[in-house]
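Two complexes follow with chain A in common, the first pairing it with chain B and the second with chain C.
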Partner chain A sequence: MEAIIYICLGFMLICSFLVVRIKSMLKSAVALAAASAALGIIMYVLGSAWAALIEISVCSGLVTVIFISAISLSNTDKKELQKLYEDKKRMAYLPVVLIIGGIIFIFVALSTDSLLPQAVSVAQEIDNFREVLWNNRQADIWAQAIVIIAGAIAVTVLFKEKDTI
Partner chain B sequence: MSNFNLEIIILVVGFLMIIAGVYCLIRTYHLLKILIGIEVAMKAVTMFIILAGHINGKINLAQTFVITMIVTEVVVAVVAAGLAINLYRKYGNMDVRNLRKLKG
Partner chain C sequence: MRVIDYITVSFLVVPIIIILINNLLSKHIAKRISFYLVGAAAVLQIAASVADFFLLPYYKLHEYKFTLLWNIDNPDSEYFAVNSLSLVILFCIGFVTFISVLIAKHTIDRKKVSYVNLLMTLIFGMNGMLIVTDLFSLYVFLEIVGISSFVLIALFKSETGLEGSFKYLVMSSLASIFVLTGLAFVFMHVGSLQYENISKYILSGHGSSRLYLMYAGMILLIAGFATKSGAVPFHSWLPDAHQSADTAISVLLSGIVIKVAGVYGLIILSRLFDGIPAVNLTLLVMGTVSIIVGALLALKQDHFKRIVAYSSVSQVGYMLLGVGAGGTLGLLGAVTHIFNHATFKCTLFSNAAALHEQTGTLDINDMGGLHEKMPVTGFSSVTAFLSTAGIPPFSGFWSKLLIVMALWMNDFKVFAGIALFSSIFTASYFLRLQKKVFFGKVPNKYEYVKEIGGSIKYAEIFLTIIMIAVGLAFPLALLYLKGRGIL
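Take a look at the complex of A and B:
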């Protein structure tokens, strides 16, 4: 199963690079969705099936739809975008930064003998997710409800057409 | 090469994704692109939380944190997209430098 994780990690890194580097916003949003899908597969293989389900359906689906809606509402020509933001020139050093960062991180990983402890088996833990979510982490559920309500109110205010006072 | 186990490779890839997201965050002026940079960095942090749950055996706790994080991420994306569209309606582009002109 580790081979799947390695493939998905590589795919996710390439997608993240493309997300930042591509000039077209639409392609960038689609690459972000692909990275989310790869992350969902990694989560599933690591044993967190419920989080993977939500990651794929929400981050890879809903967030992409939000981005594409925003892009379609602001239909700007690609050449005009490039002229205004000069992203091609400004993003030119990204490969250099990533290569230097990668070399530094690999060097740090090689120089430490035991950076991380060995993973514990999670087979007996998988079944009681419902108990942890609804009984042990009730504060999280309330916080999520409040955040969703706050977001809905914010969107209502932001998309208001006229003042109703 | 014995040090290169799965966890370390996940850590290195996650840090590289955070670098890419932060680079996007500080180098562009497009509000939606900034939002996409934040999303890329948050993907890496989500992966780190799952990795932590995988290492210490408390994967269910990590899953609840990730679900909370995904909800927050979606709300941030929706609100920021609304801000970006309002900025576009007012100025005709999504340049964050225009936000400095707003008053009151």
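Take a look at the complex of A and C:
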């Protein structure tokens, strides 16, 4: 089991690195989807089936579809866009520095805290999830409902052609 | 059920009802009455917060716990709660919303229904942030505030509006990631995100041990909320967003959103992590830098709204100093400054709306001598300036005095000195603004400019009266708080 986690972690790191380094936006979006799929697998293996489900369906499914459709709809010439960002090259190694810094931090933190959470069985997880969501976290459900309403209003405001009212 | 039950639930129910009414009515009717609906909601919120403030001691409660249609007796269940602190800020939300809608009557003539919908989701989000008792719920409500604000800034799809909104979106997403990661780290240690449990955990002495993840969590949470509050060095989005939005929306952003989404979050953190000196010191340093850098940047600007926006950065610094000073006095100073800042920022943005409406520009180099032509606008602007600079007897004097006293009493004497000294910076950028806009010779093209009429004029008069009245009556308020045992 542990081997799967390490393989997925490595795969995720490589994909994340590619996301910021690849010049083609389309390939970058695909790499992002792959990275979040790997994260989904890690979550499932660690026993968090619900989180894995949401991660894979929303992040690597829905978001990728939105990205790809937005890229294909935009009319900007890719080469022009790249030229525009040519002078930003001096920041190109920032992601590498951040990734290395993050890995060092995680090792330091885990070696001092040793707080890796214990894996819970999937069935128990689902039961807990239901109970927590409907009994204890109802404030969040109200808030989520309003988030969805706000999102719907946002889409109608920003994408409606005629704006008379 | 008691009276307080009905009144307190209204903070969440009224915005939802207004959204429903606004969208169920036919478009023509909605267009005509939507502003009145918001006005009614704002007045209800003001009344409810005042009523609750006086009902709490009547029921002998320190904080009132309630839920929205679920059973509070479930073990480990979340609940909402209001206390004196959140009620004061809830009052400020109602107050600023009322002023915003008065300005909107002049400046917004299309997309009224969308403006009202978004404003109500924004208010729901802010009210929610103030009454939750769990850091994760705080984050979810923070997101509602974020989404509503982005769209409100970009409401009219102008180029500058979209740019300002995009900058806010980018910075705000970063802030969200910081907050969420910070929450995860804190959760790993504490095992719960309810305020009570975190406080207990810190008080039991675990917080002071060398736990890297806990510290990383605190740093991320502070950085996230500081970004939302526009404090230096996280201020880059604020001037663009405030300048490019419609004035009715700038007034909301500057008057209340940065305080609820940012400063209130930091207040909560400082209370949860009470007893960890690094947190207070961080807030104090950030506050001092914000005051000085915000004021220096304001000195260099030529756009009326941009100066006022940078002034917000500087004033948020004072609030952070109050929060960082700790203790009841510091907190009282910060909360009073939140209210006072709301009044003078509302006044200055009303002035901006009046000037833009009558002269068509907000470049202060183009203006001059408008005090003669627009006496009400000029007088209210001077009052707001004096109040912001902390000149007695205006309201701003008292809140700054409380903050400086709190700093002095808690042995942060250097910060107290800087806070006092920085009032000179505030005076300098506002003197420059007043001189260029309201004094001197009137340019020929503004020979026939007249005073603004209607709701903006009433807003200016109303706000001026409040600034003077609060300044004069403040000692009485302090006596009342002392009588209630808060001070």
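The criterion applied here is as follows: the second predicted complex is superposed on the first by the 127 of 165 C-alpha atoms of A that agree within 3 Å, B and C clash if a C-alpha of one lies under 4 Å from a C-alpha of the other, contacts with A are read in each partner's own complex, and residues count from 1 in each chain.
Simple rule for what comes next: contacts are C-beta pairs under 8 Å (C-beta built on N, C-alpha and C of every residue); 3 or more make two chains touch, one makes a residue touch a chain.
The structure displayed is predicted, hence computed values, not measured ones.
When chain B and chain C are set side by side, the one touching more residues of chain A is B.
In the overlay built on the shared chain, the residue A:L26 is in contact with neither chain B nor chain C. Of the two partner chains placed around the shared chain by superposition, chain C is the only one that A:I146 touches, whereas chain B remains out of contact. In the superposition on chain A, contact is made by A:L158 with both chain B and chain C. When the shared chain is aligned, no partner comes close enough to touch A:V65: not chain B, not chain C. Once the two complexes are laid over each other on the shared chain, residue contacts for A:I103 go to neither chain B nor chain C.
Judged by the touch definition given at the top, the superposed model places A:I4 against neither chain B nor chain C.
When the two complexes are overlaid on their common chain A, residue A:Q138 makes contact with chain C while staying clear of chain B. Contacts of chain A with chain B, set against its contacts with chain C after fitting on chain A, overlap at residues 105, 109, 112-113, 115, 117, 136-137, 140, 143-144, 147, 150-151, 154, 158.
Chain contact summary for the complex, chain B toward chain A: residues 3-13, 15-17, 19-21, 23-24, 27-30, 32-33, 35-37, 39-40, 43, 46-47, 50-51, 53-68, 70-75, 77-79, 81-86, 88, 93-95.
Chain C makes touch with chain A in their complex at residues 12, 16, 19, 27, 30-31, 67-71, 74, 76-80, 110-114, 117-118, 121, 124-125, 128, 132, 134, 136-137, 140-141, 143-144, 147-148, 150-151, 154-155, 157, 188-189, 210-213, 216. Only residues 2, 5-6, 9, 12-13, 16-17, 19-20, 25, 28-29, 32, 35-36, 39, 42-43, 46-48, 50-51, 54-55, 58-59, 62-63, 66-67, 69-71, 73-74, 76, 81, 84-85, 87, 90-91, 94, 97-98, 101-102, 105-106, 109-110, 112-113, 115-122, 125-126, 128-129, 132-133, 136-137, 140, 143-144, 147-148, 150-151, 154-155, 158-159 of chain A touch chain B when the two sit together in their complex. Residues of chain A that touch chain C in their complex: 105, 108-109, 112-113, 115, 117, 135-140, 142-144, 146-147, 149-151, 153-154, 156-158, 163-165.
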